[in-house]
Every structure is written in C-alpha cells, then in structure tokens.
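Just so it is clear, A, B, C, D and E label the chains in written order, and each chain counts residues from 1 on its own.
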Amino acid sequence: MDNLFSIFIMMALVNNFVLAKFLGLCPFFGVSKKLSSAVSMGIAVIVVMFAASVVSWLLFYQLLVPFGITYMRTAIFILVIASLVQILEITIRRTNVNLYNALGIYLPLITTNCAVLGVTFINVDQAFNLAETIVSALGAGVGFTLVLAIMSGIREKLDLADVPKAFKGIPVAFLVAMLLGIAFLAFGGMV
Amino acid sequence: MSLFNNEKSHGIHPPGNKITSNKKIERVPLPKQVILPLSQHIGAPSKAIVKKGDEVKVGQKIAEAGGFVSVPIHSTVSGKVTKVIEMVSSVTSNVGNAIVIEADGKDDWVKIDKPSKPNKLSKKEILNRVKEAGIVGLGGATFPTHVKLQPPPDKKIDTIIINGCECEPFITSDHRLMLEHGEEILKGLEIMMKVLGCNEAYIGIESNKPDAIENMEKIVSESNISGEVIVELLPAQYPMGAEKTLLKRILGMEVPIGGLPMDVGVVVQNVGTLKAIYDAIYDGIPLVERVLTVSGAVKEPKNIISRFGTPASEIIDYCGGTNSNANVMIFGGPMMGIAQISFDTPTTKGTNSILIQKNNTEVEGNCIRCGTCVENCPMNLMPLMYVAYVKKNMYDELKDYWIDNCVECGSCAYGCPANIPLVQYIKVGKAELQKRRPK
Amino acid sequence: MDNTVLIIVSLTLVGMGCGIAIFLVNRFLPEEDKLLKKTEEISKFLPGMNCGACGYPGCFAYAGEIAKDIDILQTSPCMVLMNDDKKVKALGNALGVDLSSGDKKVAVVHCGGNSEILYEYKGIDTCKAAAQLSSGFKKCPYGCFGFGDCVNVCPENAISIDPEKKIVVIDPDKCIGCGLCTKECPQNLIEIIPAKMPQYLACNYLSKKNIPGRERCPLGCIHCRICVKASENEEVTWNEEKDLPFFDPEKCVPSPAAVEKCPKKVIFERNET
Amino acid sequence: MVHILKNLKKGIINENPVFILLLGLCPTLAVSTSIDNAFGMTAAVMFVLISANIIVSLIRGVTPDRVRIPVFIVIIATLVTIVDLTMKAFIPELSKSLGIFIPLIVVNCIILGRAEAFASKNTLADSVADALGMGIGFGIAITIISFFRQLLGTGEITIFGTHVFSAPGLFDNPMSVFILPMGAFLVLGCLLATLRYMGAIESG
Amino acid sequence: MAEETVDQKRLVVSTSPHIHDKKNTKKVMYVVCLALLLPIIGGVYFFGIYTLLVVLVSVITAITTEFLAKRLRKREFIMDGSAIVTGMLFALVLPPRIPLWAVIIGAAFCIAIVKEAFGGLGHNIFNPALAGRAFITVSFAGLMTSWIAPVKSVISLDSITSATPLGEGFSYAGSTSDLYIDLLFGNVGGCIGETSALFILIGGLLLLATGVIKWRIPVVYIGTVFLLAWLIPGQDPVFHILAGGLFLGAFFMATDYVTCPMTAKGQFIFAFGAGVLVILIRVYGSMPEGVAFSILLMNAFTPLIDRHVKPKPYGYIPPEKKSRFPLKKKAKTTDVADKPDQDSSTDKKEGKK
C-alpha cells in the first residue's frame, strides 16, 4: 500500500509530467487558457491514460514479452492509444452531446499527447505490475490535471494583467511554467 | 471580529463634516428665472403642457406625468414661459428638454385644493393627491413616491422604514428637517401607514444626530399614532442610508439580488418625502421647493429652502459665494453626488445638497489587490474584479461577480490606495452590459 | 525469420482488434446528434482563431449558433474578418445560402471634431467612461471624444487619433468594414457605408430643433437644409427622425452641389477607394 | 523550383515549427540540455519527418479519408522504431541521454501535422522541401535553445567531446537552473519575447 | 457680479465619490520598508556590516531594473516604493556572505522576470522576492547553503561555517530553553533577515498596527505549522515556528497583497495550505527549509482560490443545482425537435463560465 502511495505521489508531484518530465507540453500550453476547458482536458487525459495503461500493460506482458518483440512497443502502443481515443470519442459523441461539447474537442488532441504514450513507456520501463501501473497512470493524470488547472487559473488572471506585448500569451506562460517548476521542486525527496 | 467577515455590515467612516447641523433652515429669495427640466425623476420624463409665452402661477401644473413611473411638474414661480430649451440633465446625464420661466416677482399661487378632512381621505384619493403633487423620493434617488405606495397585489408590505440616516458627509438637510418639522414627518408617516395598511414603522437615525433622535422620540411618544413606531439608533457609518443596508441593519433581512425592498415586505422612505406627503395631503401644496444644504468651500455654509429650478449660482451667492480655489460643484453628497458642469445648473427635486469643493482627483495607479474595496463593500462584492474586466473589455464576466448588485455607493473608490475610480469603471461596465444584453 | 512473422502477425492482430473494437462501438451506439454534425461542418469553414469578435466563446460555439440559426451569419463581423471570398463562398455553398460579400465597405466617423471643451474631465480616459458624465466633456454632446476606444478593437490598425483635433481618423485603405468599431463608440458616430459613397456628413448633431449646432460646435450641422435644396435630383434627402441630411447608401449618388453649398462645410467629400 | 525553395524557407523562417507554430515543444525543451542532444534529436526528427512526408505524399491518393490518420500514425511509428533501434545500436550513449523522447517522436505534432496538413495534399518534391525546411527550422531552434542552456548551465560549450570555449565567470559558478527543466522554459520564454520585441516574429 | 467670474471658470467634473481616504500605495510601501528596517538592523548586528551592503546592492539593483524595464516598455517610471520593498525582502532571505554578483542577478530576476514580465506592480503571480530566492537557490545551490555562525559584531567579516537550525548538521549544546531564546533573538545561523524572530515580530506588529496587513494570514500560517508539528511525533512545535524564516514569511511574504487571495476565507485557505506545505517539506522533503516554497506553491493556487472563494454577495440566493451533463435519452425522434434548443441553452452558460 505504501509503495502504491509513493508511486502516486512520485508521478503526480515529484516527477510531474509537465514540469519535470516535459511530457504533454502542447496541450499544457494549448488548453490552459480557460479553467473550464483545462479541467475537461485533464479529465479526458486521466481517462485515456488509465485505459491506455491497462491495455498496453496487458498487451506488453501477454503479447510482446512472450514473443520477445518488446521493441515493437512504440507502434503497438500508439495504435492502441489512437483506437482508444477514437472509441472514447465516438462513445461520448453518441451518448452525451453536452459532455462532448465540453470534452470531445480535446479528445483528438490526446492522441498526439506524449504524456499518454509516455506514461505507458514509463510503466513498462519501471516494470510495474498491474496495480502499480494503474496507480502510476492515475498519478500522472492527476498531476497533469493539477498543473493544468493551476496554469489555467494563472493564465485567466494574466488575461486581466497588463502583460508587456512581447510577453503576451505563450512567453509569459513559459515563465509561469518555469516558476511553477521551481516551486514544485519543493516536493523533491518526499518519497 | 467575525471569522469570515461575512456577517459584519461593511462600510466606511469618512469624516462627517456636518458643519451646518446647527444652522436653521433659511429661505432663499425668489429667483428671477427658473429652469425646470422635464426629467427630474427616475422613470419616463414628464410631458410639457405649457408653451412659450404662457403665463403661469406658482404650483400650476406645467407638465404631466409621462407614464405610470412618472410624476407631473409644477411651476415654482409665477411668471411667463420664455422658452423650452435642451439641456443635459443634472441627474441622468442625458439630453432632455427644460422649461424656462421668467419670474414676475409676485409669487402668485394657483388656487390650492386643500382637503377639509385630511384624515378621512380614502386610499385612492391619497394616492392620487401624492401623484398630482409630483412627489418623488427626496433622498436623492427621485423614485416616484406614488409607485412605491402601490406595491403589486402579491407583495404585502408590513413594515415601513423611515430613512433619517443622512450618512453622507456635509449634508444636514434631513437632520434640520427632523428637528424643525418632526410633527409633519410623523403625520406623513401616518398617511403612509394608512395607505400601505401596515402598522409597524422604524425611524432610523445615525448616532451622530443625538438631538434629532431625541426630538423624534419625543414627538413619537407624544403622538397618538396608531401602530408601532420605533426610533432606531444606528451607528454613524457610510452607507447606512442606502435602502438595502438600512433594511439589513434594522430588520436583519437582505433584499434578494435584483429585488426591491418591497420583495421582503418593506418600504423605505426618506424623511423629506414624508414632509412632502404631509404638505400635499394636509395643505394641498404640490412639491415646488425643498430643503437643501449648501456646504463645503462656500463662505457661509447654510441649510436653505429653495424653489426647484433656481440656478445654483443664485443660491451660492446667497451663501456668500465660493472660496477662490473651488472648482467642483456637486449636487448631492460627496460620496454619491453628481458633479455639475456649470454653476448655473438649476436645482431639481433630487438636489438635497450643493457642495462646493476643490478638485482633488489623483492619478490612477495600479491595483495592488489589497482587498480594501472588498472589505469596504456593503454589498459584499469584489469591486476590483470589475475594474480588471472593464479594462479588458470583458463584460460578460461581470455578471459572475454580480455587478448588478452594486449600489455605486463609492465606498470602494473612497478607500482605494491606488486612487482607482472604481465607481466609474462599474458604471461603464453596467452600461456596456446593458447595451450587450439581448433585447 | 520467426521474428518477422511474429511482428507482422502481432501488429496485424492488434490492428484488427482495434479496428473491430471501433467498428463495434460505431455499430451499437445510438445515432449522433444532427446538430453536432452540422456544427462541425460549419466550424471547418470558420477561421478557427477563436478571436471572439462574433460575440460567442470561440469558433466552435459560434458554429453551433449558426447551425441553429443561419441568419446570425449576416450580422456578424466574422465573414468580413475572414477577408477571403473563396472561403465565404464555400461556407455559403455548404449551408445552401448565398453569402457573396458584395461591395467593399468602409467605416466613417460622423464628426469633424471642432467642438470646444465644456468642462475639465477627470477620470478614466476611455470614451465609454467620458460619455457617462453629462454626455461628455465637449460642448457638443454628440461628438467624438478622441480617447480611441475604437482604435483598440480595429483588427487592421486602420484607426488612429488625430493629435490636433483629438478625434479619430479612419484610414479608408486599411479599413475592411468589419464594423467592430461601430459597437465600441458610445456616441454611435461610426457607420459602415459602401466604399463608393461619394460624400458623408461629418456631424451627428441630433437636433430637437431647439439649439442649432452652431452654438455647440463651429463645424456642426445647423439643420438649414440647404443641401437638400441644392441637390437637384434628390441625392440628398432629409432624415426627419434625426433631423439631419441623409445620403442614400443604396444609390451612392454624388452631390457636389450639396458639398459646396453647405454653409458649415460639414459634408465631406470622399474619394472612392 | 521557386515554390520548392519557398516551401523550404517557410519551414525555417515564416512558419518555424518551434518559434512560431509552437509545435513539438516536448522534445525541444526536454533534450535541449546540450548541443549534442540537440543534434541527435534533430537528426532523428529529420529522418522521420522526411521519410514520413515522402511516404505520405506517395500514398496520398490511395488512402481512404476515414483511416488517414491511423495509417499515418502506423507509418510514423514504424519509422520511429527504425530510428530508435538504429540509434541504440550505433550511438547508445546519445540514445540513452535522449531517453524516451526518441520513441515519443511518434507523437511529435510537427511530424503528424506536416503529414496531415501538407504531405497528404502536395507532390513529392514539395513535401520533401517542406519536410527539409521544417526539419532545419526545428534544428535551428533546438540548437539555439541548447546553446544558451549549455552555456549558462555549465559555463562552457562542448560539442561531441570537443571543447569549444568556456565563459570565465560562469564556469566557476554555473547557473544549474538552466540544465534543469525550468531553465528550458525560461530560455524559450525570453527568447520568444526578445524575438517579438525586435519584431522578428509577430506578437500574439 | 459673482456670476461673471464664475462663468469664466471651467468646472472640473469627475465621477463620485468626490472625497478620498488618505491612504495610498506609496504610504503602504514605505510603512513596509520601515517595518523591514528592523530585521535588517538585526541582520547587521548578527552578521556584520557586509549584510548592509547586500541589502543596498539588492535595493539599488531592484530599482534600476524596474527603471530599465519601464524604459523598454515605454512606460513612465513611478517611484512607488514597491521595488524597494522587493529589494529589501530579497536581501533578507539571502545567506549573510553571499557574493554581490549573485545578489545582482537575483534582484534583477525578481524585478525583470517575476514582476515586470507579468505586467508590473499588481500583476505578478508569484512573490518576486521569494521567486528570486528560489531561482538563486536552484542556480547556485552551493552559495545558498553556506551559512555562517552569528558574529555579533558590526564590523566583523568573519565567516565560521555553521549549519542552520533546520539543516542536517545542526546540533545545539545548551538546553532546549536556551535554544528557544537563541532562536527568538536570532543568535543562530541562517539568512540575513530570518534569524531573529523577535525583530520580525516587532516589524510585523508594526504592520498590523498600521493596518497594512491583516492578522489572518500570519496567525493561521504560524498556527497551522505549530499545530501540525505538535501532532507529528518527534517534532518540536516551538522549534518549528521559531527556526527558519517562518516569521519573516508569515508577516512579510505571505501577506503580499498581490499574490495572496483577497477574501478573508481565501486567505484562511491560503495560509492553512502554506502551513501544511511547510511541515510536509521540512519533515518529509529533502529540503531543510520550506517557507519560501510553501508560499510560492500557494501563490500558484491563489488565482484558483480567488476564483472559487468569493464573498457571498448581499441578498444572494443560491441557484438550484442542475446536472451539467444530462444523459441523452435513447429516444428515437420524438423529442429531437425541441431538444437542441434546450441543450444549447445550457451550453451557452457553460461556455461563458
């Protein structure tokens, strides 16, 4: 139990995907303009990360490892993620239009989100078992969502600020990310 | 100190400066010419019924109500209508018409229709007389009184609150009125209670007017008024005299956002209005004059009574003229009053004070989010957010912060260390929001 | 060689698995919302830069509104902002309506800006704020304040402030007639007119027949109607509601006589751009 | 010929994937700790980008619209696997320092974006020029960033073991923040702002 | 006649209110400066005159950077005192023997990156001084962890290396009560301004008395740390609140108007969160001191807190709760016609949120 907890903290805070690992930066800067969309995106990422991690874990240990073709993981994993996202998108689209309007437009973005692919690689590299994989995926997703929410809150506030023209938009977002990164160093060594 | 600061009623304590509280009300000589704007109240402007060249007498109706939320206007001098001009209203800042009357100096009154038994008048008759007398709320908001006295049938009024707070600095007109015309005010209240069919009334007076409290208490105890009338001592704090804060302070109730006091069964009325109701019902005199305070940078600050339409310059001259460096003239108090564009602006029904000042506007700085405005706001709003959003032309977001709830009391701007004119931003925001609202 | 086969087989298997899963999901879920489909169709044609000029939060939301009510398209500046006839036409084709943009339009300011100052204004330096204090600080209550609220919204930087007269000037060459500025002006002084209009009135003094413009502004319309009399073929008519001369934008007829005879020289000639 | 050059230039300057389109940020920021890494990453990205553009351009009439994206992804994934294995075999150290960012090229927005937006609609020559331009643009950007990060973070510039120069004051007290992830954000943020201030790129 | 002279004069018109409180930004800033002089005096007393040099260099750099930044932005430079406050605060959180070039880099970073790049006074997200300190800590880890023992002589330039109370190698010879007294008066190693809890307390009380800061953040912040340290076995609560920069952070950093929430409730959350983080970092993290990072982290949360913790406005009636995402019924066609309108109306509301 302790181990699972420390994996969660590790993935969510200490080795935060965005600030420490540089994964998922495109959606991080692209979708953090509004808090509502940031939270929607975060939820979508958590769901996809969870599903992708489980499926990729199964495929890796049931298919790739027995046959000794672990180097095929890149192709297999991305295929799985792409299909998962597709399935999720169709499902939401057909069942709940409001949810689709809130979440759906971010789903295609997730396909090319390296955070999702990254978490599957990390799970495999760290040789996590299934429970650990699930916790690590959730931790990564929660960490991503947390930082995305903080970032969007700050950017909404910056919308009202008198930011110099040269820094407006993305550059100042980079600076925020830097300062956030420094602040998140505080979690170092906690596990 | 309460933990979350929500229950405490917020407010500020600007220096009182009630320099005229001991000055008896004096009557200003009749003006040579009066200018009577057709829009002296909230609601539809009145419609002129006289034309250029007509001879009029004091108290003669010169404009009739332009709708339900509207009142007639009476001539305040006897003389001749010289012209109808276009002028910027001193109240609404919109361009509207005004009737100019040259006084003949005779001060001839029209025949006064004085009821023989004012106590026996029916509710309908009273309402009609109040309307025909052109009575509006004299506290400054100038809302037609007859409308307030006719709440929709589904809203039962059980309490009347009489506003004798006068929380704005400098102004003492209500204070003097309560001292000099207490009986009339109480009689006016009696009429109101009869019309509204309620038997509970509070007279709220701030603690910085102990003589007025004493006087009103004496009058109430001596009178044989039916129903319960309580004189309520209130702390001297701005904005105590705003309807909603007054209601919360006295009754502990809050008016729902976007609602009126009548939504919680209460009518709030200014003492000056009660005096006007008394005059209209007992003496049959229409609203042609009022008490106002002339204060600030004038040689002899005074409480005076003057006819509507008198140019402010004549009143100021009567008070000895202005000090040399004065360059601001405000109708109303320093917190919510409206700065006027010229000394010749005529007084209207809503003018409870003429305040002369030297301009002291300072350069607007950056908001440092100190939270003073949030702390000062009597409506528990976050005024600094309005500034931020209006600056960035983001008007839809204003609704998330309940901008419509703002009463523009100016507490936020008064305390702002960065000298940000918050009220102006709020006014712009409200106007833009109104413009963008789907019709 | 075993490996090669394995690779091919595994990749195929996974691919097939995914394909089947998508197929199944596709097959057994209910029909999708028709409106959504239309919205997506429309959003393909929109600029996609989420500028918010249309008044909706982002292009997708705007597309959703159009899907419901096509008329919105006519009243929004988006089509002009796109500035691309081909795209506009394609959108029109997709929706089955004619959206041909017609003639070039430009914005003009109905003020010559010569009114004197009435009082000293202290406060926020935006037009919207100034307009609220006794109808502005100039003697003419209808004129341009020159704080430039419109300057900030112009996507083409076509509006500037004349440093001498302190009024806004619109560069007709840069102006694309999107109309964003018209909404910003609290005095409603900016109007979108066809670029080929030969003249316009540089005054918006809405007279109520009481004070002629000349008392307020040396360059104001005095409602003398000489322009109407001077125009022989009714190029100029009188707008009774505003009490101002009216040049019909449908006709766009030049009226050199009106321009010349105006005693206040308040009818400005403009060159076609 | 002219428009091939134009396509080439577009990727390097007008539509620089990093500075202007802000695509492919993850590898740009993650591996730009040293110039070596920058070169290695550029090489890998360029190979995948050019090959993907060639293949996509060749099959552009054949693939049905509905499965376009999955097909592209599979193609790119295959190419990335090739690169990954090659690098592991020949330059294991570099491959190790680039870590999972080599396999993650698969989701690099530049590559999928170019395949989808350009190669699937244009001829072979144009697509190659476009890929070349984008690749060079990416390379230039990542090299500039890694130059600053390496210089400020270690106080010296070394390229593949060759010492180029060292900054006197910095070498004794290098600002290690620039080697850390935060430094990447700071460098790119300030770089973008400077470029905008000088008017080299348009302000957003 | 009076009217004629009156007519000549143009009146000034502005919006109400026409009177103003005497408080202004400049005064607030200078009161903070005054309060900060106390810890500076303490620093000079304990660590020698060199620390005064550090403070001066930091303040001058801060002002110069602000001036240059305003020049670059073509804005007017207004000496409102905020740069002085930032410069002083930054110097106070540095080790006593830090090289001056590091001070210059740090102070320039504080103003240029953390403050001006975000829009200047009132727009920064993070506390400039703390962000600058964190930046310098990460950049020059070696410099920022070389502490010296108090020299208690103004002119001395001695530097005997010593660990800070929260550092790993810290050991104290005397009794616990002696340690408390030393911590209170500042007779321990540490940053220039954070050794003497007493001096900071007096400065903080000055701020409280003048109404510049409110009691909530310092009290809740220190209280939370005390309480948590008390609850965790093996920790000394008194030691935890006296050691390190907690007092400086609680009175001068966390209360920074710009970067803390505005509402009373928000400030409670802010201070509580910061207190929890301090204990987390000190007890479980790898860093010895957590005040700077705890405040920085809570600064990041401030926009979210401000957004969600609004004061309940007068007369507010909470709206009825409605599901944001009602599930679409599996109905075939019957209600398709009127469904879209209903859906879109909820959409619109969401979009505008």
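Here is the rule we use: a residue touches a chain if its C-beta (ideal position, glycine included) is under 8 Å from a C-beta of that chain, and two chains touch if they have at least 3 such contacts.
Note that the structure is a prediction, hence the values are computed from the model and not measured.
Looking at B-E and A-B, the interface holding more C-beta pairs in contact is that of B-E. In this view the innermost chain, defined by its CA centroid being closest to the centroid of all protein CA atoms, is E.
Distance from chain D peaks, on a Cα-centroid basis, for B. Between the Cα centres of chain C and chain D there is a gap of 41 Å.
Chain A and chain E have Cα centroids separated by 30 Å. The distance from the centre of chain A to the centre of chain D, with each centre set as the mean of the Cα atoms, comes to 21 Å.
Across the assembly, chain E contributes residues 10-15, 72, 113, 117, 120, 123, 135, 138, 328, 343, 347, 352-353 that each touch 2 or more other chains.
Counting only residues that touch two or more partner chains, chain B has 327, 339-342, 359, 361, 366, 421, 424, 427.
With touch defined as above, residues shared between interfaces to two or more other chains in chain A number as follows: 72, 75, 79, 82-83, 95, 97, 101, 162, 164, 167, 171-172, 175, 179, 182. Residues 59, 63-64, 67-69, 72, 75-76, 79-80, 82-83, 86-87, 90-91, 93-95, 97, 100-101, 105 of chain A are the ones touching chain C in the complex. Put simply, chain D touches chain A in their complex at residues 22-27, 29-30, 69-70, 73-74, 77-78, 80-81, 84-85, 100, 103-104, 106-109, 112, 177, 180-186, 188-190, 192-194, 196-197, 203-204.
On the side of chain A, the complex with chain E involves touching residues 35-36, 95-99, 101-102, 149-150, 153-154, 156-158, 161-164, 167, 171-172, 175-176, 179-180, 182-190.
Across the complex, chain C is touched by residues 84-86, 88, 90, 93-95, 97, 327, 339-342, 359, 361, 364, 393, 421, 424-425, 427-428, 431-432, 436 of chain B.
For chain A in complex with chain B, the touching residues are 159-160, 162.
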